[in-house]
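All chains are identified by letter, namely A, B, C and D, in their written order; residue positions are counted from 1 within each chain.
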Amino acid sequence: MAWTWFHRLGSPPYLYSLAARLTPWFAWPTLVLILGGVYGGLVLAPPDYQQGDGFRIIYVHAPSAWMSLMVYTTMAVAAAAGLIWRIKVAHAVAASCAPIGASFTLCALVTGSLWGAPMWGTYWEWDPRLTFELILLFQYLGYMALRSAFEDLQRADRASAMLAVVGVVNVPIIHYSVIWWNSLHQAPSVMKLAKSDMPATMLIPLLMMFLGFTLFFVTVLLIRLRGEVLTRERSASWIREAVTL
Amino acid sequence: MAAATLLQAENLHLWRGDRHVLNGIALAVEGGECLQLTGSNGAGKTSLLRTLCGLMYPEEGRVLWVGRNIREDLRGFHAELAYIGHEPPLKADLSPRENLRYWIGVRWPLASDVINDALERVGAGSYRDRPVRTLSAGQKRRVALASLALTSVPLWLLDEPTTNLDKEGQQLVGALINEHLERGGLVVAAIHHDLSVRATALRRFELTRE
Amino acid sequence: MSDRIASAGDSVAPPVEGGPTVRLRLRAATPLSTALGLTLARDLRLAFRKRGQLVQPLVFFAIVTTLFPLAISPELSRLRDVAPGVLWVAALLSSQLALEFLFRDDAQDGTLEQYALSGQSLTWLLFAKTAAHWLLTGLPLALMAPLAGLSLGVPAAAVPGIVASVAVGSVALSLIGSMGAALTLGVKRSGALLSLLTLPLAMPVLIFGARATELAIKGGSFGAPLQLLGALAVLGLTLAPLATAAGVRINLE
Amino acid sequence: MSGLAEFFDMGGYAAYVWPSYALTLIVVVLNVVWARRLLAKSREEARRRLAMRVGGSES
């Protein structure tokens, strides 16, 4: 247990100031990558031979879908660490992740339906990818609802952490059962553009967007983390120093 | 090697929200001793008891049983203690005998006559088959005490064991504890007024409110 | 030399060097199987003492299934198409009813923490309680589902398929529900919250269960979805009790 | 159609592409604003807790 004792002692005040210093180092690259990606995706990339310019929605839909999954996994790993080694900071990370993940899951859901709408003729189609995003959104909402149901922050941390761990186990199960369910009733609608056969001018902006969104997640996480760490911290002397920072 | 103290707490820190409930608590209890926790309401008596029995996790500090951190073998530690909280842990729809059979029976095999003797011992024999719902608070407390007569664990952790008991009931609690101490057991009890326990075995620990 | 005061097997506690001899004769602990039997017996006995509450999930199931003919149409042929979905959604919601109080009553009267402090494995004891919940809600629902199915125009030949799928599916539902009940233990009005937490976890069960029932109604072989349902039940059997015990410990703090 | 108008038309998919990008921009901006406001709120709370604590015994 020595490692966690040292880690817990050193981390909140150190982490607070570290997060404050690191934020700009992530914010600026995020801005550059996203602006570059959007410009590349909207202007440089050639239209798709099937979907024409409609395919450009992929530059916001795919990274959002990636965020919804990546953030949930990050949240579950932080939650597990918080439960196993009882590290308050890990719970602070998990608490910070949820709203970010939920917002991008919603974004993936709407952009996905907007992308499919021209093909389907309607805005909502029980397509396996959209159904998966919808259920993932419910799991985020469940996590945030459980977290807000407790007055005592420590119990909220530990109960929601348990739910996050259980939820992440459910994600692959949902993924495959939704595909299995969808294959029963319709031929799978091909929405995915195989990334391999995309020309460079199409692919590079997409990769920039993926990286840009990931760095955006870290940027917002660092901002939220400072607040979460502050609310969990007890020693007055350290708070005074942090508050004047 | 000096005799390992049976129950020891070192530098316990615990917060409830913003309240620093346990602020650097340290104590040690030897076999044959009864430690009385005193302090006003909300001073943390219940929190300390629940931390000592491993239900609550201190944010700092540790609890040692026979020199070993209770976290190392929490279940083994639990097998050696009995904890009775503020409310007697009884199901309202079951009778005292059924309650004890399902409560203590889960821990050790119990013959039904052993249960009857224990209930007789604490003066609960006359209502041993009535649903606990119909009993008074004092009668429920006696049924809970019967559980102590049924266990033979070294450590008792009791949260105000004499509440709702008349004079005679309080004597009964004192007698049960004295017997336990003679067998080398130890007791930590949160109380409002002194237990009728052998003075030599009695020790006090005052918890102050922040 | 770990100087333990007593272990299950010792009859007399080893004397602590220099300290008073702890002459407490520690009896051997109850074997786990007996402890589980006692826990199961206690919950069943308690449930039969409050028979009124026992019937609630079943009556709810019956009412919900009668809503659909009123809402959709009296024509049996149309009802037969939606029958699998109706049966499973009704079964899912009915099994949720009793969940909120699976641990709450024991938490409030202090018996739950006695389980946590019993020295027996809390995971196994809570598993016994969840098994009691299944016996009291899951199984009866499985036996009642064919009745509701017949009222929705389902052919009699489908009865065994319906009973099998709901029985296996409800095992997974009870286990998923026990996790939700444990996590929301510390929350006052947790009914809706409990459903919000458990339904996303129960969706795969609904997918495979409804499919199995659908195939049973069509007279085809419903083996494949039933096996997938069984796989979910086994996954629940292995993982859920651990999460439930952790959830209870968190809320007992 | 002039280059600009043609660009905005998005090959006839304007009604799908632009709302998608607009929504994504909103989500991005919302996340930043929400995070910064939460940080300010917890710093404010910390100051209040500090003021209360300084009144009481220094822990």
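Here is the rule we use: contacts are C-beta pairs under 8 Å (C-beta built on N, C-alpha and C of every residue); 3 or more make two chains touch, one makes a residue touch a chain.
Fair warning: this is a prediction, and the values are worked out from it, not measured in the lab.
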Counting C-beta pairs in contact, which comes out ahead: A-D or B-C?
-> B-C
Give the label of the chain whose average Cα location is farthest from that of chain D.
-> B
Central chain, going by Cα centroids?
-> C
Inter-chain centre distance, chain B versus chain D - centres from mean C-alpha coordinates, in Å | 53
Go ahead and note the Å separation of the Cα centroids belonging to chain A and chain C.
-> 32
So, in whole Å, the Cα centroid of chain A is separated from that of chain D by 15
For chain C, what residues touch not just one other chain but two or more?
-> 253
For chain A, residue numbers touching 2 or more other chains are 152, 154, 234
Multi-partner residues of chain D (each touching 2 or more other chains) | 49, 59
Provide the residue numbers of chain B that touch chain A in the complex, in ascending order.
-> 15-18, 20, 57
Quick one: in the complex, what on chain D touches chain A?
-> 7, 10-13, 16-17, 19-21, 23-24, 27-28, 30-32, 34-36, 38-39, 41-43, 45-47, 49-50, 53-54, 58-59
Complex contact set, residues of chain A against chain B | 86, 151-154, 234
Hey, which residues of chain A end up touching chain C in the complex?
-> 83, 135, 138-139, 141-142, 145-146, 149-150, 152, 154-155, 158-159, 162-163, 165-167, 169-170, 173-174, 177-178, 180-181, 184
Please give the residue numbers of chain A that touch chain D in the complex, ascending.
-> 34, 38, 42-43, 47, 51-54, 56-57, 60-61, 64, 99-100, 103-104, 106-107, 110-111, 114-115, 117-118, 216, 219-220, 223-224, 226-228, 230-231, 233-236, 239-240, 242-243
